[in-house]
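Listed after this line are the structures, all set down as structure tokens.
In what comes next, chain A is part of two complexes: it sits with chain B in the first one and with chain C in the second one.
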Partner chain A sequence: MTLLVQALLNGLVSGALLAVPAIGFTAMFAVLRFPNFSVSGIATLGAFAGYVAYGAGLQIVGSLAVAFAIAGAAGLFLDRAAHMPLVKQGALPAAIASIASGLVLENVVRLLFGNDMRGYDRPIARDMRIGEVRFNPQQLETMAIALAIMLAVFAALAFTRIGKAMRASADNPDLAALKGIRPQRVAMMASFVGMGLVGMGGMLLGLDSSIDPLTGTRVLLSIFAAAVLGGLGSAPGAVLGAFLIGIAEEVSVLVVGSQYRAAVGFFAILIVLSLRPRGLLGERAF
Partner chain B sequence: MTLLSVTELRGGYGAADEIVRGAALTVEPGEIVALIGPNGAGKSTLLKLIAGLLRPRAGHVRFKDRDVAGLAAPDISRRGLSFVPQERNVFGTMTVAENLEMGGFLDRAATRARMDELYGRFPMLADKRRAAARTLSGGQRQILAMAMALMNAPALLLLDEPTAGLSPRAAEELFGTIVALNEGGVAILMVEQNALEALAVSARAYVLVQGRAEREGRAAELASDPTVRDLFLGGSAPPMLSGNRGDFQ
Partner chain C sequence: MLNYLLFIATIGSIYGLLALSLNLIWGGTGMVNLGLAGFFAVGAYASALTTTTGHMPILAGWVLALIVGGAAGLVVVLSTTRLREDYLAIVTLGFAEVVRLVASNEIWLTRGTDGISGIPGPWRVALGREYFNAVYLPILLVVLLLVYWLMRRIDGSPYGRALRAIREDAQVAQVAGKPVLRFKAQAFALSAAIAGLAGALYGHFTSYIAPDLFLPLITVYIFLAVASGGVGSPAGALVGAYLLIALLESARFFVELIPAVTAVQRAALKELLIAVALILVLRLMPKGLLPERIPRAPLVGGKP
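The block that comes next holds the complex of A and B.
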């Protein structure tokens, strides 16, 4: 029982960290209409950008801002230069190009920083216990930051003019254009903010463990699974999907061992999409 | 000054596609003009070309004395032309209030006041302001779509089949709303399958056949013309009227 509670707690932390890049991924899909797999490289880039900023003396929030800006700018550049010109030919060519972009980014990071694992140099904190269940205060801090980012994103989508314009454009791009909303600007905003969130997600994952050039590649499937599970294009769906994937991955370790953890995402997609082909929350943008 | 003047307009959905073939029409300030014709005549495509959703291959669209042909939809909307498409004309995932807000995207300062005005004019929208637009009935959705277009304080409203799919009673109410809007000073260019009803509320009308305005005249005259009645007001085949072109001018 203790093991199960521990796994659930760990799953909640993993889910919260996964939700941030999953929201970015699904928001980009909602507006740009192709699955942007360069999130793997962008998450790695964000993790390393945050790492450099943190090493230079910035606090966590400042470092997250740097990760957001660098990842957002790189994502915007790649979308403009490599992905969007291909979207006119269909989602598939753009998706394939984004896999290539992710690989390029991963290797750029490898070239600059090498293959070694690196850790954010945070002070060591003693685990806390409630009964037999242990949790690390730094993990809780990271989870709280992730939740705060999610709240900020939802508040922006619900209450700001540009957030509503993004939702309108995701819902019906032609009608949005007729209302004076410029599709190009919304697309650029979606690229920048979406990839910025993915970059912050990469750093949050790095804060929770360590980083290396494969940081983003390791979580790519989980991010994709979370977004698909919730309903591609749905931000609340991405959050729900991320928590389900996070918990499922942690609990699966108890049942089938950690070597099958990576298969959980595929398995979850298979089950949910068989029952609900449009995901748990459909394509509800908000 | 003529509000909208379309001359020799050509275009369609693709580079090789030409559905509208040299269409010409005018709309004067404050009038209702109906655009009728058989299915596939290019009526909806013509509206999309005027509104900037499709790019014309040739021709001119002068709106408020400026050629707007080829401009993007947001730029044309900014000049005071609002288009209400036949389908998918509201943001289904957003609330009624958010839809109105997006309707007023171009004029942020006036948004609140216009929303209050529209809530007064259409109390149903006020009652449903927090409901998702996808939950509205067909008639309610059309009212919301028109209200969204009015948020931009347009000089010209393009309506594509506003009564499509509505019950006869809801359609009648909607025509009443269209007339009321027009009495408020908004010019309207309307594509309608309910041609008799459309002609009844319009000042003038055009008959579009195979992408060209083959006939133009006062709506009452067109409504009583036996050829038009037989061929378009319940008729099936879309014959060419080119031989009769100009009879009503």
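The block that comes next holds the complex of A and C.
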């Protein structure tokens, strides 16, 4: 029982961390209409950008801002240079190119930093306990930051002009253009903010464990699973999906052992696609 | 030197099989298979286990690789038939990861990350290392030509035209009375079976397979081969595959020349080069070297 409570708690933490890149991915999908696989490389890039900034003396929030900016800029550049020109031919060529650009980023990081695992040098804190259940205060801090980011994103989507423009564009691009929303600007904003969120997500996941060039690749399926579970294109869906995937992954460790943790996302996708193909919240709840 | 050339020609031909497999699905029906490396692995393991643990003849291993690869393809494609292609992309990518996880962890079956060694090759013992490569390549080429011939047959057949109609517009094909779902599933399963066969041929050639040999990078390689050769053209897929192996080998040679880089950096540079090449080909050469030629449909009801 304690084990289960502990797993649920860990699942909530990793779900919160997963939600940040999942929102980014799903928002990009809603506006740009192709699954952007370079999420793997961008998450790695964000994790390393944040790592360098943190090593240079910035606080966690400042480092996250650096991760956001660098990942966002790289994402915007790749979308403009490599992916968007291909979307005219269909979603698939763009998706294939995005696999290649993810690989480019992963290997740029590998060139600069090598394959070694690195950890953020955070001060060590003692675990807190309630009964038999353990908390790590740093984990809770990371989770709180993730929740704050989510809150900011939803506030921006609900209240700012650009947020509203993005939602309108995702809902009906033609109608939005007719109303004077410039699709080009919305698309660029989606690339920048979406990939910025993915970069921050990479750093948050890195804070919780360690980072290496494959950090992003390892969480790619979980991010996709969260987005598909909630309904591709739905931001609240991505959050719900992320928590469910986070919890499912932790509980799976109790059931089948940690070696199959990475397969949970895949099976979650298969189950959702067979039972509720449009995801829990539908595709257009953005 | 000759042995080296034989070796890369063999690997190139195996990539050629994979390229034909991808071309059937990507070029033929407009679906995508990002899990090609997974089907490649499934076939390699099926055949390796049949012939080592199962003590069956090599030919039985190859047939089984075809069957198991096709069955795996059917399972994957049927789980996403109702959905758009972007879901299939995500699911196939996940499939390849799960295959690698299973291969690494089900040690009782696959011997885990140690891999399976001592996979028999046809007459390997009798021929010795030197002559084995020279005998294996022709066998492989016969298989490759058979598959190529099959692909050309499909391309020219009413079935191939129906597949292309599905690629261009599945709805129209459906309205025209084509069983879209069944055709898509068949094409995907056939494509996966060919990838499985390629895996089997690979394992019996190198005599050793392990989970780390089936990285998603292979899928990227084959996408590069098909894209540069010309999506939709089987001849293009073959040309692309041999170009790919030439590029890979010259890239290896080239990065050796750069001074003061570690082995890790060399590998990273090589991957970087391949990825950039794929983006450039997609952007600048969307039709490839040998663009697809769509044959005119035969006239119905005799000559005009």
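The rule is simple: the second predicted complex is superposed on the first by the 285 of 286 C-alpha atoms of A that agree within 3 Å, B and C clash if a C-alpha of one lies under 4 Å from a C-alpha of the other, contacts with A are read in each partner's own complex, and residues count from 1 in each chain.
One rule holds in what follows: a contact is a pair of C-beta atoms (placed from the backbone, for glycine too) under 8 Å apart; a residue touches a chain by one contact, two chains touch by 3 or more.
In this text the structure is predicted, and so the values were computed from the model without any measurement.
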Clash-or-fit label for the pair chain B, chain C on chain A: fit
Following superposition on chain A: angle at chain A, chain B versus chain C, Cα, nearest 10°: 90
Touched partner set for A:Q259, first chain B, second chain C, both or neither: second
Which of chain B and chain C A:T160 touches, first, second, both or neither: neither
Touching partner for A:S209 - first (chain B), second (chain C), both, neither: neither
Winner by number of chain A residues touched, once chain B and chain C are compared: C
Touching partner for A:A177 - first (chain B), second (chain C), both, neither: first
Touching partner for A:L111 - first (chain B), second (chain C), both, neither: second
Per-pair minimum CA distance [chain C against chain B, superposed on A] in Å: 15
On chain A, positions contacted by chain B and by chain C: none
In the complex with chain A, residue positions of chain C that touch it: 26, 30, 32, 34, 79-80, 82-83, 85-87, 89-91, 93-95, 97-98, 101, 104-105, 217, 220, 223, 227, 262, 264-265, 267-269, 271-272, 274-276, 278-279, 282-283, 286
For the chain B and chain A complex, residues of the former touching the latter: 51-53, 72-74, 77-78, 82-83, 85, 88-94, 98, 101-103, 105-106, 108, 148, 152
Chain A residues touching chain B - in the complex, by the definition given at the top: 161, 164-165, 167-168, 171-172, 174-182, 283-286
Residues of chain A that touch chain C when the two form their complex: 29, 34-35, 37, 82, 85-86, 89-93, 95-97, 99-101, 103-104, 106-108, 110-111, 114-115, 220-221, 224, 228, 232, 259-260, 262-263, 265-266, 269-270, 273-274, 277
